[in-house]
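Across the two complexes that follow, chain A remains constant while its partner is chain B and subsequently chain C.
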Partner chain A sequence: MSIQVSMVPDATETVNAPRVDRAAYLSRLVQLRGELDAAGSGLKDLRDRATALVQERAMPSTRAEEWRFTDLSPLLQESFQPVVPQPITAEAIIPFGLTDAPHRLVFVDGVYAPSLSTLGDLPPEVQLGNLSRVPGGIPHIGQHQGAEETFTALNTACMTDAAVIWVAQGQEWRTPIHLLVVTTTGAATLSHPRCVVIAEAGSQFTLIEEFVSLEGGGAAWVNRVTEIKLGAGATVNHTRVQRQGAHTFHIGKTAVSQARDSRYVATVLNWGAHLARHHLEIYQTGAQTATILNGLTLLQGEQLGDTHSLIAFTQPYGMANQVQKCIVGDRAHAVFNGKIWVPQAAQLTNASQLSRNLLLSPRARVDTKPQLEITADNVKCSHGATVSQLEEDEVFYLQSRGISAEMARQLLTFAFAAEVVDAIPLPTLRDRIRSELSLRLNPA
Partner chain B sequence: MLQPSPLLHERFILLAVERALPMTATVQNLVNQPYKYGFVTDIESDAIPKGLNEDVVRLISAKKQEPEWMLEFRLRAYRQWLKMTEPTWQHATYPAIDYQDIVYYSAPKVKEKKKSLEEVDPQLLETFEKLGIPLSEQKRLTNVAVDAIFDSVSVATTFKEKLAEQGVIFCSISEALREHPDLVRQYLGSVVPIADNYFAALNSAVFSDGSFVYIPKDTQCPMELSTYFRINNGESGQFERTLIVAEAGSSVSYLEGCTAPMYDTNQLHAAVVELVALDHAEIKYSTVQNWYAGDKDGKGGIYNFVTKRGLCQGVNSKISWTQVETGSAITWKYPSCVLVGDNSIGEFYSVALTNHHQQADTGTKMVHIGKNTRSTIISKGISAGHSKNSYRGLVKFGPKAIGARNYSQCDSMLIGDRAEANTFPYIQVQTNTGKVEHEASTSKIGEDQLFYLQQRGISLEDAVSMMISGFCKDVFNQLPMEFAVEADRLLSLKLEGSVG
Partner chain C sequence: MIRDNSDVILAIQDLTAEVDGSPILKGLTLEIKAGEVHAIMGPNGSGKSTLSKILAGHPAYTVTGGSVTFRGENLLELEPEARAKAGLFLAFQYPLEIPGVSNLDFLRVAYNAKRKHEGLEELDAFDFDELVQSKLGLLQMDASFLSRSVNEGFSGGEKKRNEILQMALLEPKLAILDEIDSGLDIDALKIVANGVNELTTPDNAVLAITHYQRLLNYITPDYVHVMEDGRILTTGGKELALELEARGYSWVREEEEAIAR
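Moving on to the complex of A and B:
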């Protein structure tokens, strides 16, 4: 008998898909980029450099280590066109309103919609809007580490505008800011929404970033980049909710840089889209930073949800705590790659990471890889990973208390997710997510 | 003076005495003691010219008087190898290997066929004496059968008759090819196919010798089997092939040890080990790897690129790998278990120690295919100096691995702030009835504990040794007794001078 096990675990490439020239495909996408208007004129050089970069690249295949478990073939089957923003009415987005987040920025298909946005009374220290709010341009845009990654560069090359959230030094802004990114799901359209968040030294605020789709079919591709820059001592509590339509392709990056003594808390919910990939990259630039990441991926049907996180320490006394949970049902596929990088300079780092995965169906699949790369010796780093199903004992216990097996499973699954959902700082959003979660666990 | 060496009870007693004495003196003596197996035996060898082509493959096969099918196997592997490219995904850096600059066959010259140990070249026996493997007269002392491999060929196998009484076959693979061709043909390449990976293909084409073990049905192998590998020729690569077959209901414990002389050049060691366990069979495979690691500036040393894989083919079978990796400039190996039989068990216990400029990318793969298969992974990495130590593991549950279970634990210890410890665990699950648990931690050697030991009058170096052996205890407990003592000793030796 001969058992074939290759040195590198086998890649899953779609077999039947016709061959696509991945370089030409990417190159075509960048040629579709829109024209810059006056507000974005400062971006020209940056866009041109990124365009040149993208021209040399190809769409990644599963042969690339970073994309081994996420097959982009379905994307290659679509012939994307630049999105033509559809005017939408204020009624259309009423369901997404958050009463406890009065400052709302709305972007429709990557374009700022001032008529739908409600900025409220803001002091000059808090700037919300798009690039036209900052006439001098934003020097930080496109400067983060990792900006040369293919899809980030594609976004940089094609972006025409960006959401801007700028909180000045020492400003402790109490009311949460809601950034709503709406996709109108036209057929095979591509948009490159961008967002720049600047928290100057000593500032504090809460940001809710939400990705939604309006009703309608069509495979829209959203290629998102959010850059967050935390000054010394700044605190940002960031909630990212991705619940886009069932045919959407969502490739997103959140790049965070943290100066000394800053604190970044992220709660990332990933439930929507047919294929979703999120790069969550934290770069420490000063000592003694704190990073707390909570992630929940909830998948069903044939969804694929991929989270690639990176916490790169470069200075001493950093702290990181990451919990990533995946609940995978039906024939869905969850991927997690969590890298913690501790070079020699980052002594006294304290980092922990936990990847927990719950498989609800026999056809569901999980590929997880928590990854530690450490060169400093005076550190404490740990990671853990589990893949399992619900404990039969726990189900039995609940049954013995008169709860039906079905109900018991829902309760336990809900509890598994609750640890992350409860970290959402806004009561209205938290309650909404909870009820959606219950609905999803119990469609009847 | 204590000679660290594997396998001997006598050694163990010596050590126990030595332990009772104040340790510092002993450790001091051992400090700065460089790699002690670094001598070269001046022995006439029969080596072929450098380089690799089809003729070399044919020549190796001819020299070993192999059957026709074996030559075919080698040539298929060679042609496959030509089509493959050297992998680059490992976390190690090294200059490109020139495969034409390697001697693919080197054997101690034999004047005529040996009938017994007495006829083996005395100089060769002396070499093995130096290594602590006295082949000739230890029969009454030990209960370990040894197959010694010098450069490319097996020079002597002890205890053959005693093993034969039980029907156990333990011999060099060349001998097995001549005397048990059907058995070898049935299993060779069945676990590691020739196209498996670049180095396995190369090995399949040019392997020169190795051990063959066959345990018949319902037989408990009466003694530990052991192979000792030695590279002597400065230009030769070593490509050995080990095949162990455990028939239904049998069990065997196998040990492997390796050393090489010191040369400034890097030498390639690309071995393949295949284990097959049928129904209810059990194989325990232990390795203490101490190839020459290069000097403290990273010059020289062995490239240890090895493919080791066990196939739990039968129900309730079990394969257990235990490894202590201290040598080699670069270690790159993943002893794996393919758990096909229902209820089969795979185990992996590893201590990997790197110092100076050594690089190790090692771990395991547990591929669960059958129902209720279970695996355990315990990996301890220690990196000191400028070394890189990576754990890379795969735990894979196929869709039919109902009720599969895995527990993994990999801990790393860093000594010095220039050393690197990495963990790359891949977990791939395609069944919702299994359970995987993985945990890993990285930390430095505890200063409080060191301080505590020092204030009890224990020197810093002894304190470090003690803590290292505590850290590795879970793995050492899996080793046969003599090996465990040896391994413990080896680690403290290797770490001399890296603390404080």
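Moving on to the complex of A and C:
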């Protein structure tokens, strides 16, 4: 099923734009990459293989089914330059502080910034930092299913370093870890931040991964890959916040593999960037595994926010519960494509997916498409999609009690978002998203 | 209670209104003074709920003529929330369900909007909780209704009690009760009617829309108006309601027609 609500024509390639050779364009991006230093030297083979892959590819166009609603032409208009890492001050990132997440790792334009990071007192079982902190290298990097996808391969070909979060077996780490990925938007720059998260068997922790931009007008493009590996019985509560600046581009991948009895909870908030695409891919590799995905996308102006998710079951007794909500205003455009694969071996899978969309303006648009591929016969799978507007009668009911129309809209929109907002594990972040919501509703 | 020197709270003069181009109110005149209880009765579709929603400011209806003065102000110029803050309250015939908005939050936001309007400090969650608990007793409502979404899954009678709970918090100058008795069992009717009576003072007024005398056994009207086809056909005292109950509406129409001739 596909629900499309739109009063504007389908996404087409930007008219009048000069024709760009999409293959040559992509190849050129690889030439912008930085040199490997000692810390990254273990990546050479991986980079070379990915480079070869990228050389065979082209920038996808809207003729490709996977990119049907997301036109990358605005990217093609930019002539991206390699990032020259800008030193930034600690003051510059104060607004992004989370008082309830004491361990903070900061990356600026893809480069680790130890002076801005506050790791705190950590036992050897909890490793935070970058690749140089892991003497033997990371065996898992670049090994996930789907790593050959074009933008993932581009990241692999170009990465020079990676954030590392490694929690050892049985370690139940209580204090949240904040990974802050900062973009300094001076000019049209391209960075490829990478992150590897390893939750060994029986470990537990909470991770906040946040993408922000510093003030500035540049069209920075962040091409992100985060790989998360959960060992047997591990629990990871992951909140991903994409709130980059208004002129930026964000293409991101979160690739998760889950061993048996593990539990992965993701709360994905997406309200920044001019054009954002997130691939959220979960591979359940062991039995009796639980995946909980909560997504909230807030768009206004001419923003485009696209979430492509995949939950791939392979073993019996898997569970997944996915809720994706989009609040779309002005002429913004939200896209959701939710794949769920349940092969023959994944008997007794229990999966549900719900896509709910709230349009705040007549020119807002949403394209939502659940895509369930089920071959196992003894499973419980459900999906649903709704598109709605604020009910004028509900607004009136609240007004008739003395509540202003603005406040009424805010209450109703909060109510729509509540299910996802309440899933955010940190109060500071919850408050931040609430004020972001009211800002969207009453742009003063 | 009728007193000659009371202030006029609501004055409606020759009000005409339509919805989607079809006229519904066709020249309605009504005056309500402080301390009075008015009842409007009338056949289905005569425009009673339309009148109440127009007074509350529902955007679906267009006023095409006449005037409405509420406590000296031109009511029709005010936004719905300003009408509420000026002291007008409508208990809806069909209260809306608002999933996701907790009843307690809703009540607090509404109550604080009024406090702010009156130049008073807003109540914090703790103080408000105390206040609302005291009002629950008046309507014999369980506190569990506060944590649920506004009216969501409430029974018909529970919704009506929730309306009066809102009235109890907002203490309006004029409460329009649109069929507050429908869907109430006998005990609930007594409780709700008592709640309304507790809230009436010489300074405020009630306009109760109903089909049945039984509500008026508890909420005694000073005036009973019969509405038909968008107009007030006739007005009498509380005995008029008893007569309507016994004889229906047609005789009123015939008498009025006879007078017109």
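Keep in mind that, in the parts below, the second predicted complex is superposed on the first by the 433 of 444 C-alpha atoms of A that agree within 3 Å, B and C clash if a C-alpha of one lies under 4 Å from a C-alpha of the other, contacts with A are read in each partner's own complex, and residues count from 1 in each chain.
One rule holds in what follows: a contact is a pair of C-beta atoms (placed from the backbone, for glycine too) under 8 Å apart; a residue touches a chain by one contact, two chains touch by 3 or more.
Note that the coordinates shown come from a computational prediction; the quantities given were computed from them, not determined experimentally.
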{"item": "Larger contact residue set on chain A - chain B or chain C", "value": "B"}
{"item": "First (chain B), second (chain C), both or neither touched by A:H383", "value": "first"}
{"item": "Partner chain(s) touched by A:L411 [first = chain B, second = chain C, both, neither]", "value": "second"}
{"item": "Which of chain B and chain C A:L360 touches, first, second, both or neither", "value": "first"}
{"item": "Touching partner for A:Q344 - first (chain B), second (chain C), both, neither", "value": "first"}
{"item": "Which superposed partner A:P370 touches (first chain B, second chain C, both, neither)", "value": "first"}
{"item": "Set of chain A residues, in rising order, touched by both chain B and chain C", "value": "none"}
{"item": "In the complex, chain B residues that touch chain A", "value": "87, 89, 189-191, 193, 196-197, 307, 309, 311, 313, 334, 336, 338, 340, 365, 367, 394, 396-397, 399, 412, 414-444"}
{"item": "Residues on chain A engaged by chain B in the complex (per definition of touch)", "value": "1-9, 65, 344, 347, 357, 359-389"}
{"item": "Sites on chain A touched by chain C in the complex", "value": "392-394, 396-405, 407, 411-412, 414-416, 418-419"}
{"item": "Touching residues (chain side chain C, partner chain A) in the complex", "value": "56-59, 79-81, 83-85, 89-90, 92, 95-96, 98-101, 105-106, 109-110, 113-114, 117, 149, 166, 170"}
